[in-house]
Each structure stands twice: as structure tokens, then as C-alpha cells.
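Each structure below is given as C-alpha cells.
Two complexes, one shared chain (chain A), two partners (chain B, chain C).
Moving on, here comes the complex of A and B:
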């Protein structure tokens, strides 16, 4: 405003001498604010760097191939307790199982919410329902799961003791509850992806004589594939990192304990552990024996999570180009 | 005509199937509340409101419940869970309060002030911090930070000053709050950054054109418009903090103790144990009937608290939405 834009020699308003008329004034509080913002940003970087470098250092110090490929064993002497092959397998099984359950249900909910959403009241209720599931602590999900799956009718999912007492702890039951952790993430990012598909794409499909159901199946779901994948990877990261459900619903037994004779199925019906409970039990707060092994397992876990994170990044980058053309 | 009718029927059926599937979420939540409440009822019924009150040593009470006689008529339920509730509230609220300030500042930094190179680093950093499993945070806490606190802040005299009530060994609310803040801040940053980006550029540009500086423009226009998202972020972070069990059970000492602010600075290095950590720590006891019911009562408290949070967050967002950015994706929890 105060910049003299024309040649007319108009005397500008008298301003304080130190104030330049091309830059806005920076009060002391504004300066403090900017400095604090810088401090916050740099601190975040430093914390992340400290965690990654420290874990990398400890990881390279303690991880070796022997640890990763040998089964754990119970023992007092740390040189004889083996590695953590079983927890790694447990993490993989549980992550795949949880995602496999969450994915179809999550996509269905997202599609219904954004493409149908009738009656409105029900849609709004489902929406806040998903939010409540997202906000429920995993420990509460865990002990609710234990209560639910100890009921007689779910006996086929886990170990049944003498007198029909259902144990309720197995890969199946833990996977089912884990899927609830991933569900809101899948719903959220699928909805976002559906939202990003322009309406003219839908209209083009209707104009070709497709009804809504086949538009969803042939156009919208393929079109939101990368959003679905983002949600799935985020969910996998959360599942791989959760401990409470494993402690309570998987039994956190050191090795995979199959139930019944059918190979494969017996493992899924049985108990086991994951890297998270392995770390927990080997830390000073568990039985406390072996910080080296806890560090090694935590390092492997962190690598898995970082890889999943990286996958999210890649998918998101690819998605950006999709609807621009 | 018939083909159109068939098509319509297929479409209708798809809608019904998807709708039914979506409604199972509501069924699940109803089931969860009913199941947990029913199981928890004896503990609440026996104690009434004193369940939440102070009195006695909570760990001793839990042990008594665990060891109660086998006949149902002699079950012991007496519990005054105040230390656990207090620890939950104290740790959650402090972490969220600190985290919210840091999150808003960092989000402003990422959106407005960071040089491009730094911004490229910061975004993956935020996602990484949000993705690190809580047990890894806990491990670093108990093996690195707790010994550091024990060595630096705890002298013989501080130890002796509270030795008659509690032992100090470095596991403390200070470490718990510190790590919890690091855990929940990235979640909030991700949401606030998205919201600040969703504010129309012209709003901020209009403010700049009126001659105020960049900080003022962002603070008075961007942050104000993003208030619904900031509330959503705080709610989500509170829910995460409330339910954090593993990390807190590792670093806060797992003692049912009520840290006393009157102890001065020693207050920060006193141990405590929130509700969620209590459930995890005692999960072997779930099969002992009265003890299990007591743990379910704690879960019920957490469940009600988190559902209440969801509702109040939704309500506050509605109130603020009038003037805010409406299209912010608050339904996508976590770092999206």
C-alpha cells in the first residue's frame, strides 16, 4: 500500500524510521513463534535420527543370521536360547491374516459409505462407528476378543480343553482382533481414493449402460487400487507393531504351538508369539534376560515397519499421476 | 425392460449386501460394550463410586482379589483404583498438552517456514516416528532413558526423602510422558499439516496483501481455519495415549503409586501405572474369576472414556465447522 507505484511525487505517510515499507513488521512474539517452529521441526528430525541411528548401531551389533534362522528355546543360558525364527513367522502370519480380514470388509464399508450412503442416519452412524473402533485402545479390543472367542460357538477357532472350556487364544482369534486395528485405516484411505475419482468417470460408466454395482466393480475399485494399497500397508504396519493383542490373544508362547493334526491349520489354531512380544519378554520388564536379543528383534521389527512405510510412500507417489491426464 | 429390471435388482442387492456389512461395525461396537460391561459389572456393583476413589494400597487390593477364595460367595472385589485412574489422566493429559503445542508448531513449520530440502526430510520423518512400534519405544526407554534419569536426577537424598512410600529407580512418569509425547505428536502433525494445506491459498494471500507478516497470516488465518482438524488430532492422540499399555508398563515402573505434586521436583521421577498397563501386566490373572472381572472393569472405563472422546470430538468439530475448513479428511486416522 505504501509502495510508491506511480511517479506522482506524493509524500508517503510518515512512518517510523526503522520500518522498511516493503516488508511487514515482525513483532517480538512473531519472531519467537518462528524460532519455536524451527526448534520443533529440527527437534523432530533429531529424535528420529537418534532412534534410527541408535537402533541401527545396536542392530548391527547384535543381529546375525544365526539368530534369524534358529528356533527359540527355553533356557537360562543365553547362548542356548536360540534365535527368533518363530516370532518372525508369527509376525508374518498375523499381519497377513489381519490384513486379509480387514481388507475386504474395509473396502466394502468405504464403498458403501461413499457410493451409496443411504439411509443417511445409518451411514453417519457407521462413520462414527469406524471412528470409535479407531479410538478403542488395542488392549480393550484384546480382552474383548478373549471374552468373545472363549464362547462355546467359537471353539473351532482355538484350543478346546477338557470339559469344553474354550481357550480362545490362537492366530485366528488374534488375527480377527488385529483386523479391527487395520480396518479404520483401510476405510479411511479407500474413501479418500474414491473421493479423488472425478464424477465424470462415474458418469461415463453410467452412460455406457453400466449400473452402479458394476461401475464399482469395474471402474471405481480398480481406480482406487493405490488408495486401498496405502491403507493396507498402513494397517500392516500397525498390526506388526501391536503388542497388547498378542500378549493376551496369542498367548505369547515362545514357539509356535500347533493344535490338532492338520498341518497349517493347526498352526493357525495354535498359539505363538510375534517380534513385539519377543522384544517385550526379553526386555528388563519381561523375564528380563536378554537385552541383546531384544535389541536384535526390535531392529528386525523396525526394519519391517520402515519397509512398509517405504511401500506407502511409493504407492502414494504413483497415485499422484493417476487422475491428472 | 426385463434386463433393466434385472440390472436394477443386482444393483439393489449390492447396496444391501454392502450396507449390511457396514452395519456389522455397529453390531460389533454394541457387542463390545455389552460384553465388557456385563463382565465388569460385579466389580462396579460391589464398589460403587469408591471404585474410582482413593484409599488403601491398590497393588495390595489387586493381590487380595487375585487370591480370593474359590467359592463365588466369598469373592473379594474391594478396589480403590484412584492411583491407576490418576496415573492414566496425568500421563495422557500432559503428553497431549505438550504434544499439541509441538504438533501445531511443527505443522506450521512444515507448511510455511521449512526450506524445501528440510521439508522433504521432515515428512517421512513424521511418518516414521508415527510408525515405530510402541515396544521399540519402550525398549529404548527402559534401556537408555531410564538408566540416564536414574543416574542424572536421582541422588541418595532424593531417594531417601520418599523411601518410606516408594522406591525410585528411574522408571517414572517423566520418562513415560516424554516418550508418549514423541509417540503421539507425529499423529497430530500429520492431521494438522493436511488441514493447513487444505486452507485456500487466497485466504492467506489476502492477509499477506494487507501487510501482515507470514507468521501472523498463518497463525490468524491458517491455524484458525484448521481448528476442527486440530481438535480431531487432539482427540485421536488422546485415544492413542489412553490406550498405550506396553510402553508405559515398561517405563513408568509398574507400581500402583500416586505421584504427589507436593514432593516438588521429585514428583516427576516417581513411578505410576495407568489402567491399560495394569491390564497387560496382570493378563495372566484373567482366568481367576473376580480378578478377571476387575480387569474387565478397567477395560470398561477405558472403553467408555474413548467412546466419550470420539463423541465430544465429533461435537466440537461440528461447533467449529461453521467457520473452518470443512473438507479436511478427519476420518482417516493415523498418518495417512
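Moving on, here comes the complex of A and C:
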């Protein structure tokens, strides 16, 4: 044990062989690949910039406060058709409604899949279900929703005509179908966030005598807040940009058409339109011939979506939970 | 043990004494001595030890297997109040599994099976409600893992029971402050109790995790390599804390760091491939190990 330390001979490490300057560091295919990657990245940036700049240019030309704060009106004379206040309100209501439905359900599905996931078969079925919903075109969802919500038992969600024919078109029914568009995004990003929480964090909670339910509620959901917010913002963007469901399930009426006497509820039970259908109806390719208003509305829509993403991003970044590796 | 053919070990200068450096600075409190090869001042170590040691936990013939593969093989040990027990041994020797059995955390691992007895104050842990057991046997993990909430809420986490009547922040504040003081963190964080805990440094986070466990007043504290992710200064802070805490709580620490085991432990259990090879006072295990394997391990011949 206590014999004096034996001297270990120290030899200098061999120096790496000198690299020949004429040797090609990269093969030709690697070089082409790098160039293609650069081109692809820059092209994408240019496309995004082109969209924003073009919309800025065309939109700012026509947009003004008057358009944003006045109700639209039907008329042949362009100067008398008003603004697009109602479609803006419609977009906001529909987005909030759809997200409000998708968020709790999506988080619940993600928590179940990630924290329980038993029996395996059921979990796999749920996963495929979410994927199928994600892959279904929104027009198909819309038609399905119309079929569903025109049934008598859903009469409380929309306008019921005389003879008990249920109209099936309202903010409620459109919001319900819109939530299906946001749902897969919420599930996906919440699951990802839950996976990113190390297992020893869960164990630390169990080691304090907490059960799984309170661990999920107090540790895991707060810890995946940023992922949940990301999913919500992606979902909001998709809802705000969807047209098919608005055309079929919201009636795409120019103004908000309330049903019943209760303020607020009557709007939600009634029909309306969003900026997307407004753009469609006024664009040169659509029915109307008011391209200026279409450009202005498209610009406002773009701004709403960009601001939305930015705001949620900001919240998510400030609250980001990060454990050491 | 001697009859078994030992697996091939990588021999690195067997006869050479490990380089030892005397610790410097104010933290030198007499209990700290230089490493295993130096002459330990047994008297100084003895002086800091409480007279009466009560057995808190007893492990009898404990075996744990993962999918039938034994990780801990018929280990019997006892954990005493007022002592620090260090579990040492090379990777995969079952020391972490043993530690995780003590608060039944190993039960969460699918395919894990456990046999033998673990008693807490004379009661089989399987008879205890798992919530109660885990509140009496706290645990700190290898990686600092504060919860994504404020410093205050982290410490208060264990104090807040499930159910509708959640104690208010004001009623918890005194015990949170006291716990942070016990963990030696209060002075550093007293002005930022509402700040997120994940903004603290790694060493502070780990002391917060210790505070979080101490908040529910456990009888036993399990530490699973608590310093392996920390820098030397934070490690020293944690070791000082362990030495301080051992009078109030029985501590079991798993460590890869032999010097650390020597610095903080009163008793040492050396495990190898699931077997408990040697168990005894720290001075004896490091100074005069009985088994050949222990001798090789503490002298740095393998591991």
C-alpha cells in the first residue's frame, strides 16, 4: 500500500500526421449537397419574405382604420360596402372557441398517452386516431360536422327552423370542428414536452409521497407549459387560416347573425364569417370584385396570425423549464 | 467471496498510493482527514459521532431482480440514526437499486421483483402506506431536479397535501424558511423565493432538492450520488451539509467517489455485482479491509 509511487514514464503524444494541402477535404457530392442545402434554406427565407413584403405592400395600400372598425354591407357600389369588422370578430371568436375546446382535450390525450399509455393496444388506437384526424382535409371535417350537427339532439347549438329542422351552422358547431384541426397539434407538442421532462423529475415527486395524479397536475403540466403553448399557437394559426369549415359550418354570412335573445350566446349560436371567407368572397377569383378589400383583409389576417405566434412564443420562452442534462 | 473466480479486473498501478491533498480552508473541522491512504485521525472522527445510535431501517436478505436478473443478492444491512452510511462499489453493483428499494421507488420499475424484508422502525415497508413511507424516507437524485415552480413552492411541495384544503402561503412561510436554513440555502435565496427554481445554479438546485426532502421531516434521507453533476465547490457545500444533517436524520449515500465516502461516512458498505462484500466502520473498510475485493477496490485497482 505505502510503497513510494513508481515513476510512470511520460512520453509526448505523437503529433497528428500533417495534412496535405492539396487533398480535397470534401468530396464532390458533399459539396453539391452543401450548396443545395444553402439554396433550399435561402429560397425558403426569400419566399417567406416575399409573402410578407407583398402583403405589406398591397395591404398597406388599401388598409385603413375605417375598414377595420366598420361593419360590412351588401352593395354593388364598392364605396358603400363598408369594412370588415364582423369577419375580424368572427375570426377571433372562432379561434378562441376552437382552441378552448382543443386545449384541455389535447392535453388530456397527451398526458394519458405519455404517462399511462396502457393497455398498449388502446394507446396505439388513440395514436392512429389522432393521426387520422390530423390527416383529414378540413372540408371533409366540415361536411361531417354539418351532418352531425344537423341532427335533432344538437338543436341547442344552432338555429332551429320551424318544423324542427336544425340548421347546424353556428360558431359553436364550426368551433367544435375547428378544435379537431388544432387537436393533433396540441397533442403532438404536449407529448413532446412531456417526453422532454426527465424521469427522475417524476421520481422526485413520487419520492415525496405524491401520487401520479398530483405529479401530473403540479409538476408535469407546469413543466410542459411551453410545449402546450406552442401547440396552442400552431393550432390557432391553423384555425384562423381555415376556410372550408367557415364556408360550410359557419354559414359565411357577411355579418354576424345572432340567434335568440341572449347577448353573446346568440352570437355563438348564430352564423358569421371570418377573414378567410371574406378574402375569398372579395378576391378577383371569388364571387366579388373588390380586390382592394381582399388585399386589406388578407393583410390583417396575416398580421393577426403573426402577432398570435409571436405572443405565445414570448410566453413560452419566458416560462421554459430546462433541466440539466 | 474468495472461492469465486473474480472477473478480470483492469489493474492500474496496484501498489501506488492514491495521491492525497490535504483539504484547505475553513471547512476543515477535524472530521475531515486526508484520503484513504493517509493516516486517519480516528479520535477526531470518533469525537463527532453521537453516542447513542438507534436503528432506523433494517434490511434483511433483500434481493432485487430486473426481469429475473439479480441486481441485489441477499443483502442485509442496517441504517442507524445519527450516522451516514455510504454505499460504494463499481457501476452496476446494485447500490442504487438497493437505495431505491428503501423508499420502494424500485417498485415503479416494470419487471422489478423484490424479496426479503425492509423494516422502518420495526415495521415492514410493505405494510406501510407508500405515501407515509416516502415522507419518512426522503430521496435526493443524481441530477438536480427542482420542479418547474418557484423556490418557495419547491420547498412547500411536500407540505401541501392533496385535497381541497391547501395550506396558504403565509402559513407555510415559517417552515419553508426554516427548512431552507437547515439546508444552508436561506441566506442565498431569501430575497428571491418567488423566482423560478430552475434559475438557480446547479449546486444551489441540489441543496434546494435536499431542502425539499427535509421539509417533510424525514427520518432517513437517501442520496443517490448527489454530487456527481456538481463542481468541487458545490460538492463541498453538499458534503458539509451532509455532515451537519447527520445528527438529525439517518443518511444513506450512494457514491462513486471513494474520497467522498471517506469524508462523509461513518459506516461503509461495499457492494460488488449485487453482493454485499463488506460492511463496517469507514476507518475499518478503508484502512483495514477484510475482503480481497474490498482491498482492491479501495486501493483503486478496479472500478
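What we mean here is this: the second predicted complex is superposed on the first by the 277 of 325 C-alpha atoms of A that agree within 3 Å, B and C clash if a C-alpha of one lies under 4 Å from a C-alpha of the other, contacts with A are read in each partner's own complex, and residues count from 1 in each chain.
FYI, contacts are C-beta pairs under 8 Å (C-beta built on N, C-alpha and C of every residue); 3 or more make two chains touch, one makes a residue touch a chain.
For clarity, every value in this text was computed on a predicted model and none was experimentally measured.
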{"item": "Partner chain in contact with A:211 - chain B first, chain C second, else both or neither", "value": "both"}
{"item": "Partner chain(s) touched by A:41 [first = chain B, second = chain C, both, neither]", "value": "first"}
{"item": "Partner chain in contact with A:113 - chain B first, chain C second, else both or neither", "value": "first"}
{"item": "Which of chain B and chain C A:28 touches, first, second, both or neither", "value": "neither"}
{"item": "Touching partner for A:225 - first (chain B), second (chain C), both, neither", "value": "second"}
{"item": "Partner chain in contact with A:137 - chain B first, chain C second, else both or neither", "value": "first"}
{"item": "Partner chain in contact with A:309 - chain B first, chain C second, else both or neither", "value": "first"}
{"item": "First, second, both or neither for A:200, with chain B first and chain C second", "value": "second"}
{"item": "Those residues of chain A which chain B touches in one complex and chain C touches in the other", "value": "1, 211, 214"}
{"item": "Complex contact set, residues of chain A against chain C", "value": "1-3, 5-6, 8, 198, 200-201, 203-211, 214, 218-219, 222-223, 225, 321-325"}
{"item": "Footprint of chain B on chain A - complex, ascending", "value": "1, 23-26, 30, 33-34, 36-41, 43-45, 47-48, 51-52, 54-55, 105, 108-109, 111-113, 116, 118, 122-123, 125-141, 143-144, 146-148, 180, 183-185, 187-189, 191-192, 211-214, 216, 230, 234, 237-238, 240-244, 247-248, 276, 279-280, 283-285, 291, 294-295, 298, 301-302, 305-306, 308-309, 312-313"}
{"item": "Residue numbers on chain C that touch chain A, as the complex places them", "value": "13, 15-17, 19, 37, 103, 105, 108, 130-135, 138-139, 141-145, 147-149, 157-158, 162, 196, 198, 202, 205, 209, 212-213, 216, 229, 299"}
{"item": "Residue ranges of chain B in contact with chain A within the complex", "value": "7-8, 10-11, 13-15, 18-19, 21-26, 28-29, 31-32, 35-36, 39, 102, 105-106, 108-110, 113-114, 118, 121-122, 124-129, 131-136, 138-140, 142-144, 182, 185-186, 189, 208, 211-216, 219, 235-236, 239, 242-246, 249-250, 254, 276, 279-280, 283, 286, 295-296, 299, 302-303, 306-307, 309-311, 314, 329, 331-336"}
